[in-house]
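Shared chain: chain A. Partners: chain B in the first complex, chain C in the second.
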Partner chain A sequence: METISKAIKKKDHDSKISGQALYADDYVMNGMLYGRLLGSSKARARITAIIIPDLPEGYLVVDKYDVPGTNRVQIIQDDTPVFAEETVEFVGDPILMVVGPEYNKVESILENIVVLYEELVPTFNMRKADTVFFDYHYAKGDFDKAQDEADHIFEETFQTGHQEHAYLETQGIIAYPHAGRMVIRGSMQCPYYVHTAVTKALGYDARNVQVIQETTGGGFGGKEDFPSILACQTAAAALKTNRPVKVIFNRREDMAFTSKRHPSVCTYKVAVKDNMITGMGIDLILNGGAYTTHSSVVLQRALISSSGVYKIDNLRVAGRAVKTNMVPSGAYRGFGSPQTIFALEMMMDHVARKLGTESLEFKEKHMVKQGDTTATSGKHHFHVPLPEMIQRINELTDYPAKRKRYSRQSGRYRRGMGLALSFHGCGFTGSAEGEHIKPVVRIRKAADDQVEILTGNTDMGQGLKTTFCKIVGETLGIPFEQVLIENPDTDRVPDSGPTVASRSIMIVGSLLQQAAEKLRQIWQTGEEQIVEEHYVEPKFIIPFDLERFRGDAYPTYSWAVNAVEVEIDTLTAETRILGAWGIYDVGVPIDLNIIQGQMQGGLLQGIGYAAMEKIDYNAQGIIRNNNFSDYSIPTAMDVPNLVTEVINNPYTHGPYGAKGAGELSFAGAAPAYVEALENALGVDLNKVPFTMEDTMGVLREVHHHD
Partner chain B sequence: MISFMLNGTKVVSTARANEPLLNVLRNEFHLSGVKCGCNEGECGACAVILDGRLANSCMVALGSIQGSKVITIEGYRTTERFTVLDMAYASVGAVQCGFCIPGMILASECILAKNPNPTRAEIQAGISGNLCRCTGYNAIVAAIGIAAKEGQGLW
Partner chain C sequence: MVNGYQARSLQEALDILSSEAVIPYSGGTDLMKKANGNATYLFLNKVPEMKNIREDRKYIRIGAGCTFTEIIESELTPAILKEAAALVAAPAIRNLGTVGGNICNGSPKADCALIFFVTDSKLRLVSKKGERVIPISEFYLGRNHTILQKDELLVEIFMNKTGFENYCYKKVGARKALTMSRVSFAAILNMADGKITQCMIAFGAVGEVILRRKEIDDMLIGRTIPEARAVKENYLAAYEQAINPVQGRISAEYKKTVCMNLLGDFLDSKGI
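Our next item is the complex of A and B:
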């Protein structure tokens, strides 16, 4: 273990454990008004009239006419309206906001507003969607030739569902005008994204918008794009009323009307010759929901990750993100790759079974190693530690023996064991870091020799305040306590890019290490000193061409091996998870406790995705289970003892050898879980979530055929 | 007017009897350590100790607690037992986003008050009404186990 990996007490521990940390809803300002949104009750309709009752004094309605700049939220594109224009595109599409001094009165006004609609035919089925937001494809080698020469061709389709982030703190924003400027405070991952969006919506000069992140109660991608939307709406209200306006979503609003993981349908066509896969044809549809938000980049990552950890010489990959009249899908831990990795791992498992070989052995025969080309004809520049990671998981779980034993069972209780190999491409896809983000960091040493880190990156629980301070403290050779970091405020911090894509440590942490090294060299005790550092793309990277999906999509990859063991009661279909394991390569952990927290937390979210989390839409496009009673996330009773370990595999271009971590832990859980179910039930399965009801369906079918 | 003991002090609330205790604590007594995660009794972020038992304050009507004792994180954090839990949670990095933590700490207290040497399964059951989306619960379960060991005699 490296010295830096030794866990220390987290920077934000004291304020959080004592309940003193202030989250958006904990702020009350003088003259503050409360806002609530009125969302569409129709999935697709033209608004013909809005009938607003007489409003009591001090209460106002804010809508598209109150957005002084552009009534659009700048995300990647700007098709998301701040407030609905002529039409509404999903149930919950925000039409207007009611603001006033008393929350209960705001709520009752909202209930008395009548919106008249001319209903249009909505689209819910992504396979029948006629609006294609994004359409990408790429190839490597010659898949047609591989098919012509194949001994076997296998084809199968896989499905994945929506997933709700279920961060414990709901979305919340406060906006207030101050000295001719607009100030935004709230729960968010990316203050500079919010800054860009609010600047455009208000039509302000960028200097007149200030965004401050407050302590954020979880994000997982769910506070990547959505806070930009809510901030534009709240800012419009603050401008109109000339007062502070606070909007805090209740849980039901949050679950029904904010972004989710993209559902997918993915078809794999696999050519096999001499028991080896020679080619894959992959076709993916992502359900983007009503607006584009982050669908383009989610689709890119999904497609680039679609052949996973395997070396496939002939690839033909195509995918579309389509429009449906459902809540816009957005960023969620893994960002598209969990969908294709699920399909891929299941496909590998199914092909192995059809060829009469053991699943893991078959996967091992196809694994990439250092020097191999990637799916996009880039290069795996660094050591791929999968063999030693597989060896370790076999030691921990006795996987091969159990897998074999479980394939021949009788009796009421049947066990199963599944194993998945996965990776996560670290950082933004392609050349975005150098071309669009251009991150900048600053370190300021005060005259009292306290050192402050200035970046736009946020701690939403993942431990960034602690890891950043450790990197800077270690490099400067000063105690951790001497390094300070506050929640970012765009008036004080440079734009070091968003807190997404498992990039913060690898990219921003690296810049901080360089800045700290510079400061160390020029350190003058008792002087105020400022060091700034700008991103430069590492030289080894093969430039990525997004038009052709060619080159290094990522500088490096983090690797994961996951295993899950289950026991199914074939009478009731109740499925117990006996164990869940993860061996992870994140380079060098900057803090072992933090990495363990990321690995275990992500693994359990993945188990939830696989086994129980199902968004239930009705025929009108309304999410029926918009609460924690009906949309279950794992509780402490649903977890086995999660066993997670990290290996040491220093990344030469990351700070102290670290690379991306936060998203890595997620993707392997679903295929490992479903493979375990297959092992127990003796059938091929092809979707997540795979709930107990689904298992009951399989058991009935099997029983019927018996 | 309902009077009750709040963190050791007698208080009187002027709110209506059907007002949820959560709102009374946050809005009238400015105890912002009591968090609202769902407002329907499912997540445990608003948990308080009510007459020695863990209760979701969003589900408790003010009118039902006349004469009761309520402890929130603001009161509990001054105790020696809190210090032991604080150190145990810190040692394994069990605090991530922090939103579930005030409720989780009070749940930890209730587990240990009932049984100073709980098994892993008893700890899991004891925090099963407190949702956490960050940690996977392992670190929290471990922290409560550590506190049980380190706090011998306190519970």
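Our next item is the complex of A and C:
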């Protein structure tokens, strides 16, 4: 273990454990008003009239006419309205906001507003969607030729579902005018995204918008795009009333009306020659929901990751993100890759079974190694430690023997063991980092020699304040306590890019290390000094051409091997998880405790995605289970034996050898879980979530054929 | 701010209940989910008559205000009840929530209510005007709908003192903690002199009310195991017909399959 990896007390430990950390909902300002949104009750309709009751003094309605700039939220594109225009496109599409001094009164006014709709035919089925938001494709080698020469061609379709982020703190924003400017405070991952969106919606000069992140209780991608939307709405209300306005979502609103993981349908066509895969044709549909938000980049990552950790010489990959009249899908840990990695891992498993080989052996024969080309004809520049990771998981789990033993079982309880190989491309897809983001960091040393880190990155529970301070402290050779970091305030920090894509440590942490190194060299005790550092793309990278999907989509990859062992009660279809394992390569962990938290949390989140988390839409497009009683996520009781380990594999271009970590832990869980079910049930399965009811369906079939 | 009365005795509680529009509030774990700022609550957690677990000559008498934790820790309560109480939600809820609330809330998913059904327990309902003791099977009119009168409180539950040792209990939920029953099943079978003397079966979460069909179970009473085996097909067919879960978010087909699987397995385990 490297010295820096040794776990220390987190920078924000005391303030959180003592309850002193303030979240958006903790703030009460003088003259503050409360806002609540009125969302559409129809999945697709034209608004014909809005009937607003007489409002008591001090209460106001804010809608599209109150957005002085553009009534659009700048995300990647700007199709998301701040407030609905002529039509509504999903149940919950925000039409207006009621604001006033008393929350309960705001709520009762909201209940008495009548919206008249002319209903239009909604689309819920992504396969039948006629609006295609994004359509990408790429190829490598010659898939047609691979098919012509193949001994076998296998084709299967896989499905994945929505997933709710289920962060502890719901969405919340406060906006207030101050000295001719607009100030936004709240729960968010990306203050500069919010800054850009609010500037455009208000039609302000960028200098006149200030965004401050408050302590944020979890994000997982759910606070990547959504806070921009809520901030524009709240800012419009604050401008109209000339007062501070606070909007905090209750859990039902948050679950029903904010972004989710993209559901997918994915078809794999696999050409096999001499028991080896020679080519893959992959076709993906992502359900984008009502507006584009982050669908383009989610689709890109999904497609680039679709051949996973395997070397496939002939590839033909195509995918579309389509519009449906459902809540807009957005960023969520893994960002598209868990969908294709699930399909891919299941496909590898099924093809192996058809060829009469064991799944893991078959996968091992196809694994990439250093020097191999990537799916997009880039290069795996660095060591791929999968073989030693597989060896370690076999030691821990006795996987091959158990899998064999479990393949023939009878009796009430049946066990199964599954294993998945996965990776996560670290950082933004393609050349975005150098071309669009252009991150900047600053370190300011005060006259008292206290050092402050100034970046736009946020700590949402993932430990960024701690890891950033460790990197800077270690580089400067000063104690951790001498390095300070506050929640970012766009008036004080440069734009070092959003807190997404497992980029913060690898990209921003690296810039901080360089800045600290510079400061160390010019350090003058008792002087105020400021050092600034700008991103430069590493020389080894093969430039990525987004038009053709060619080149290095990512500078490097983090690797994961996951195993899950289950026991199914054939009477009830209840599935108990006997163990879940993860061996992870994140380069070098900057803090072992933090990494363990990320790895265990992501693994469990992935098990929830695979086993029980199911968003239940009714025929009208309403999410019926918008609460934690009806939308089940796993509890600690559901995974008694959770083992995660990291291996040491320093990345030459990351700070202290670190690379991306946060998202890596997620993708392998679902295929490992479903493969374990297959092992127990003796059938091929092709979707997540695979719930108890689905398992019972299989058991009834099996029983029927007995 | 919440308006309410804190009753110190059963008499005081009944007085308030007969004269004021109040919502009886015991542990509050269900009521808090739909807290009503305009309502007036009658807090029952300090009513001593509702907090005891004791036994008389015939019954174990469980105060309706006893928490699930108190049920689990009591030396008097039978194992089948402890097991169900231990699977209610999570420790914090078990420390506050009460068996009385579990019954009066009127949910067919209620974990402890299922046990009171399968054990043919009785409910002591008291008002200012008097009291009545009724079998729990007569208490429910439908989901969230009971015969409890506005001025009446469920004060105690009477369980027989013996006869529940040979039980089978199964709660099927989506996860292992903080979960509501998708299906629940409880069964008791007693024999004497080679003959079945008692067969009691109940299913939760399969209809508007917990399902307990004595007339079906009576098919097995007085029979030896081989004789019971002979009528097993008819017995199962009767339940097959009786169990008609409502199609909801959890499929009716799933629920019914689980019920029949668990019932079949229970009979198998007894050699029937």
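In the analysis below, the second predicted complex is superposed on the first by the 706 of 706 C-alpha atoms of A that agree within 3 Å, B and C clash if a C-alpha of one lies under 4 Å from a C-alpha of the other, contacts with A are read in each partner's own complex, and residues count from 1 in each chain.
Rule of thumb we're sticking to: a residue touches a chain if its C-beta (ideal position, glycine included) is under 8 Å from a C-beta of that chain, and two chains touch if they have at least 3 such contacts.
Computed from a predicted structure; not experimentally measured.
Where does A:Gln596 make contact in the superposed view: on chain B (first), on chain C (second), on both, or on neither?
Only chain B is touched by A:Gln596; chain C is not.
Answer with first, second, both or neither: which of chain B and chain C does A:Met696 touch in the superposed model?
second
With both complexes overlaid on chain A, does A:Phe480 touch chain B (first), chain C (second), both or neither?
In the superposition, A:Phe480 contacts neither chain B nor chain C.
When the two structures are overlaid on chain A, which partner does A:Thr635 contact: first (chain B), second (chain C), both, or neither?
both
Does chain B (first) or chain C (second) touch A:Phe154, or do both, or does neither?
A:Phe154 contacts neither chain B nor chain C.
Does chain A have more residues touched by chain B or by chain C?
Looking at chain A, the partner in contact with more of its residues is B.
Classify the contacts of A:Leu604 with the two partner chains as first (chain B alone), second (chain C alone), both, or neither.
The first partner, chain B, only.
For A:Trp523 in the superposed arrangement: first (chain B), second (chain C), both or neither?
neither
Have a look at where A:Asp616 lands relative to chain B and chain C in the superposition and call it first, second, both or neither.
second
From the superposed pair, tell me which chain A residues show up as contacts to chain B and also as contacts to chain C.
After superposing on chain A, chain A residues 629, 634-637 contact both chain B and chain C.
Within their complex, state which residues of chain A touch chain B.
7, 9-10, 12-23, 25-26, 165-170, 215-218, 220, 250-251, 460-463, 591, 593-594, 596-597, 600-605, 627-629, 633-637, 639, 641-642
Provide the residue numbers of chain A that touch chain C in the complex, in ascending order.
On the chain A side, the touching residues are 104, 412, 570-574, 576, 612, 616, 624-625, 629-630, 632, 634-638, 691-693, 696, 700.
Under the touch definition given earlier, write down the residues of chain C that touch chain A in their complex.
Touch list, chain C to chain A: 37, 90, 170, 172, 174-180, 182-183, 249-251, 254, 257-258, 261-262, 265.
Quick one: in the complex, what on chain B touches chain A?
32-40, 42-43, 45, 72-74, 77, 85-86, 89-102, 105, 120, 123-125, 127-141
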